[in-house]
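Written below as structure tokens is the structure these notes are about.
The letters A, B, C and D name the chains in turn, as written, and every chain counts its residues from 1.
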Amino acid sequence: MTETRTFTDMEQIICTSARLMHADKLYFTAIGGPPLVAVLLAKTLHAPNLAYVVEDGTIAPQVQLPAPMFLIEASGGSYRAASWTDMNTVGFHAGLGYLDYGILAAVQVDEYGNFNSTFVGPAYERPERRFGGPGGANEIASLCWRTILMTRQQGRKFVKKLDFMSSPGFLDGSAGARERAGLPADTGPWRVVTEMAVFDFDEESHRIRLMGLAPWATVDDVVAEMEFEPLVASTLENIEVPGEEELAVLRAQVDPSGRTVRGRWITVELDGESARLVEQEAPAEGA
Amino acid sequence: MTVLAEGTGTFLQPDPDAHRRYIRDNKEKGLVSKVMSEAEAVKRFVDDGDYVAYDCNLWVRGPAALMREIVRQKKRELWIAAKFTAHDATMLVAAGCVNRIDVGWMEVGRVITEAQAAGDVQLFEWSNGAMTYRLLAGSLGVPFLPLRYLGGTDVFKTGTKLIEDPYTGNPINVVPALNPDVALVHVNQCDEYGNARIFGAGLQPVETAMAAKKVIISTEEIVSTDEIRKDPQKTRIPYYAVDAVVHVPFGGYPGTVPGLYKAHLEHLMESGAAQMQGKMDEYLDKWVHSVSSNEEMLEKHVGQEKLAVLKAEETIKEGYYE
Amino acid sequence: MTETRTFTDMEQIICTSARLMHADKLYFTAIGGPPLVAVLLAKTLHAPNLAYVVEDGTIAPQVQLPAPMFLIEASGGSYRAASWTDMNTVGFHAGLGYLDYGILAAVQVDEYGNFNSTFVGPAYERPERRFGGPGGANEIASLCWRTILMTRQQGRKFVKKLDFMSSPGFLDGSAGARERAGLPADTGPWRVVTEMAVFDFDEESHRIRLMGLAPWATVDDVVAEMEFEPLVASTLENIEVPGEEELAVLRAQVDPSGRTVRGRWITVELDGESARLVEQEAPAEGA
Amino acid sequence: MTVLAEGTGTFLQPDPDAHRRYIRDNKEKGLVSKVMSEAEAVKRFVDDGDYVAYDCNLWVRGPAALMREIVRQKKRELWIAAKFTAHDATMLVAAGCVNRIDVGWMEVGRVITEAQAAGDVQLFEWSNGAMTYRLLAGSLGVPFLPLRYLGGTDVFKTGTKLIEDPYTGNPINVVPALNPDVALVHVNQCDEYGNARIFGAGLQPVETAMAAKKVIISTEEIVSTDEIRKDPQKTRIPYYAVDAVVHVPFGGYPGTVPGLYKAHLEHLMESGAAQMQGKMDEYLDKWVHSVSSNEEMLEKHVGQEKLAVLKAEETIKEGYYE
């Protein structure tokens, strides 16, 4: 009774993240890309009343699906919101503690959950690759109670030292480091989601800890794709591969243009709870 | 940067982290109905000793029905933010509900001066702008804000500090954020979740609500969420900040709600006379204690005919309801 | 060719203040009372496009005249505004330097233009008479470029020492006193208008200076109604008594209820530019 | 209170008093018409060396026509606030107009990286929120504001300071106010004096305009002042802040104005391809230098038929125009 399933690394990341979301919490998401797609997937599949705010001041919209092909941040992204405000206003709401979870994508993450979305390369003035900047990630990662980071499982993404710290995790990991830097108490990164793994953070050391694993991957597979050695939980949760309904909704409704979900293809053979990797594409350059 | 001078008065200390924890642990983030009676809202969300901020502009769009309910339930030792407020402060003091007042501007007569002389109520001096600015700070989630007034005057002395601006090196004043325990805001329209619309110039309904721990909205009208979502720009207070939605037509009575009804001048004169004649107890008996709700009060002491007149007298609809 | 004219002290104060206003400046006025009435008079008589903002956030309204009997701050006071905002917003505009003149009433004024609208009496806890508080006067007098204060010419109003300094004038009068207290540079009281006189402030000493006189009053009359001796300008401007058109508009259009313009009656006999006092009521208790 | 840590980067120094003097001496307080062409507005109100802030949300309601006019007039050494901006920053850098960029988020490709490597443009790192917050501070008339982020990260190092909160004693970050020389804001409707209406969620059109010395509004539509006064709550920017009103239908092209027209995807792809292929000069020749106005550009390079399609594709009117 085996079954073969094929999905992209990003589809796995999005599905895993969406499963972490619930209608009784408030989410602060970047204006597009994997974080917004994950939120929309959760709303469509299991939490229709889930509310989120977007950096442009849109509060609790009801985006029509199938989603518009492009420019989700235009009228389509604000459609039937509870309120249209602006960037500062939603920032205030995050500052007040209303926003439970921030959902963000990262280019590089370090072992304390600090992350980079500015540039990679040896020198600021001559970046190997330059990105847009922190955008709203710095404030979202500082002010929301918990942050969910979405990134691919690659050595160049889980680095010992960030080329640039755009946004805060637990900083140097010491107790009270965020508070000493002026950030609100009791906040910080909560999960890092990749196509193979889910990480949380050790309460004492604030070091990243592997706590969930895709059924087709091993701890060694994960650690091989990191520059540093993570902590590993004594029991690892099983991350289910994307279900057929999840993939159908994701591909047909939430990201019909395929712009966000695209990535390297992974094919697994499922047998109950276990799964065997059949094939996976190599990571694309710069993905 | 150094503190060059500072007030030494009493004020509610800002504690943004404690406020955040309250919001995290107590606010309803889901879309659930919060519609309840004024009695239930005040019972559940106003506690003795609370700091209460309310939004009004003298007799304009004030949460008068909620105020009367506070009197009816004999709440005690409240601390209020008296920004641009008329007879509400007097009524709450006369009823023994309030023992501390942060003053921006309020109508003051013998009730408050006598209570002050007797030591039953303490006043702390700010200004309208300072109070609305302190609530702005509270609504931004920061512990203080700089501002360019208060300095040099006697109202500086309550809780303002003069510091050296870390950027220009010049002296600048800062005031502490105010995060009230409760906010009372009367609005034009609201859905069952608390998404609220406010029409007209206003003192600061939004900052008052957003700065507070607990938020009670009284509304002239409950509209559907579908209606709210059709015009998201009109929503001034988002549902997640709201704990109670109380449907109270004429909830601003005896004041006015622009576009809907005029203030009831005879009532205002009656309350003024009650104060001057030392008959506030009789006034409160009639308008608060002898009835159980705003609806009953209107029915018994105002009457449909007069209410229709107050509506008809408000001839300006432009900008509000057309 | 003499003519007899009768008006109240407050009518004179309002007319004199209104004449100081021009359509190319912006005014910040208290929400009602003499300041608003003076602005409305100026708009009606000589500056129809004059724009003002009100503490409740109303920007540049066009109040229908005759003015509503009561509650000018309700819909009538916001009618056909250019914008409806809120108290903080108009405060920001004042802070940015947009508001040229603040128009305010004062209970007590001292020789540096500091003023009181909180209480009079020997002790804060047991005031002889308690008023509403500074309201918006502190911010208006701090942030507008110039302040016009309206008050009656009485010894108990022009005091050596305020019972309470609700709002700033030139503080102790020393150079830079306002700046040292954190207030914006180059601001301060500009005129104090009474029924008998107009005062400005000496540029060096910042002391109040008599600069205009009603034709029926003398310098001694004015000084007799002050606790301190003001500076006196070398040439005194003549303050015209309220004109017939001014009074007609004021009484019939701007304050038809008579609530604001009421005061002690003054009757003068006019003969060209000069005027002779025929009769004046004694000041009312507490006015 | 002490400064615990501070950034050492370059930023526009706040000077609220100088800003106030500019406003006092240069702003028109009377109700006078400010309608003029995009060419005149940019000629009069954008100077070489100015700090320019503009409001957009990626391709949403940006002042694209004004941007092209800046390129057309070859303005030089501008410093821009790149908050949540897409190809505008790239275009200005490609055209040689800009040599300093405060970064919140911008689309970055080879044009900007190459200019940076060549030393033609300097980037200063903030975040979207920090930039909008700095403009908020500028619009409040204060020299700085406290905020609860930036701390501990590399974006702290530009111009943030960590101070001891004078009220709680805890460390808190402060950022300098930003008062740009020029603000460019594209709006839905505006009267001849500059009273402006903006529909939809927005980045921060209001703070951007209010913080600036000179304000150019481009508008899809000019409405009568009578119409403005009928619904004062819709006015987001008051006339006295505005120096120029430029009537530019499709002024946000190739971006979208929600409720009116969709973004022109082919154009966006053309500009992306031009960058990748090193053909920005050709792109600028076609879309900017070969025409004298937005109107001529639309006529010559887009055509009425395509414009009609972009309008028709914007099917969502709800909340904007109905």
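In this text, a residue touches a chain if its C-beta (ideal position, glycine included) is under 8 Å from a C-beta of that chain, and two chains touch if they have at least 3 such contacts.
What you are looking at is a predicted structure, and each value in this text was computed from that prediction instead of being measured.
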{"item": "Touching both subunit C and subunit D (chains)", "value": "B"}
{"item": "Contact-richer chain pair (by C-beta pairs counted) among A-D and A-B", "value": "A-D"}
{"item": "Longest centre-to-centre distance from subunit D, chain (CA-based)", "value": "C"}
{"item": "Approximate Å spacing (C-alpha centroids) for the pair subunit B, subunit C", "value": "30"}
{"item": "Interchain centroid distance [CA atoms averaged], subunit A/subunit C, Å", "value": "61"}
{"item": "For subunit A paired with subunit B, centre-to-centre distance based on mean C-alpha positions, whole Å", "value": "41"}
{"item": "Subunit A, residues touching no fewer than two other chains", "value": "58, 78, 80-81, 84-85, 95, 143, 184"}
{"item": "Residues of subunit D whose C-beta touches two or more other chains", "value": "16-17, 141-142, 147-148, 170, 172, 200-201, 230, 232-233, 318-319"}
{"item": "Interchain contacts (touch definition) - all pairs", "value": "A-B, A-D, B-C, B-D, C-D"}
{"item": "Complex contact set, residues of subunit A against subunit D", "value": "31, 54-58, 70-71, 73-76, 78-81, 84-88, 91, 95, 114, 118, 125-127, 130-139, 142-143, 164-168, 171, 177-184"}
{"item": "Touching residues on subunit B, where the partner in the complex is subunit A", "value": "16-17, 19-24, 27-31, 139-142, 193, 195, 210, 225, 228-230, 232-233, 235-236, 238-241"}
{"item": "Contact set on subunit D toward subunit A in their complex", "value": "57-60, 82-84, 103-108, 112-113, 116-117, 119, 125-130, 132-133, 136, 147-156, 162, 170-173, 200-207, 256, 258-259, 262-263, 265, 314, 316, 318-320"}
{"item": "Contacting residues of subunit A [partner subunit B, same complex]", "value": "23-26, 49, 51, 58-62, 78, 80-85, 92-98, 100, 143, 145, 184-186"}
{"item": "In the complex with subunit D, residue positions of subunit B that touch it", "value": "1-3, 6, 13-17, 141-148, 161, 163, 165-168, 170, 172, 174, 176-177, 199-201, 230-233, 318-319"}
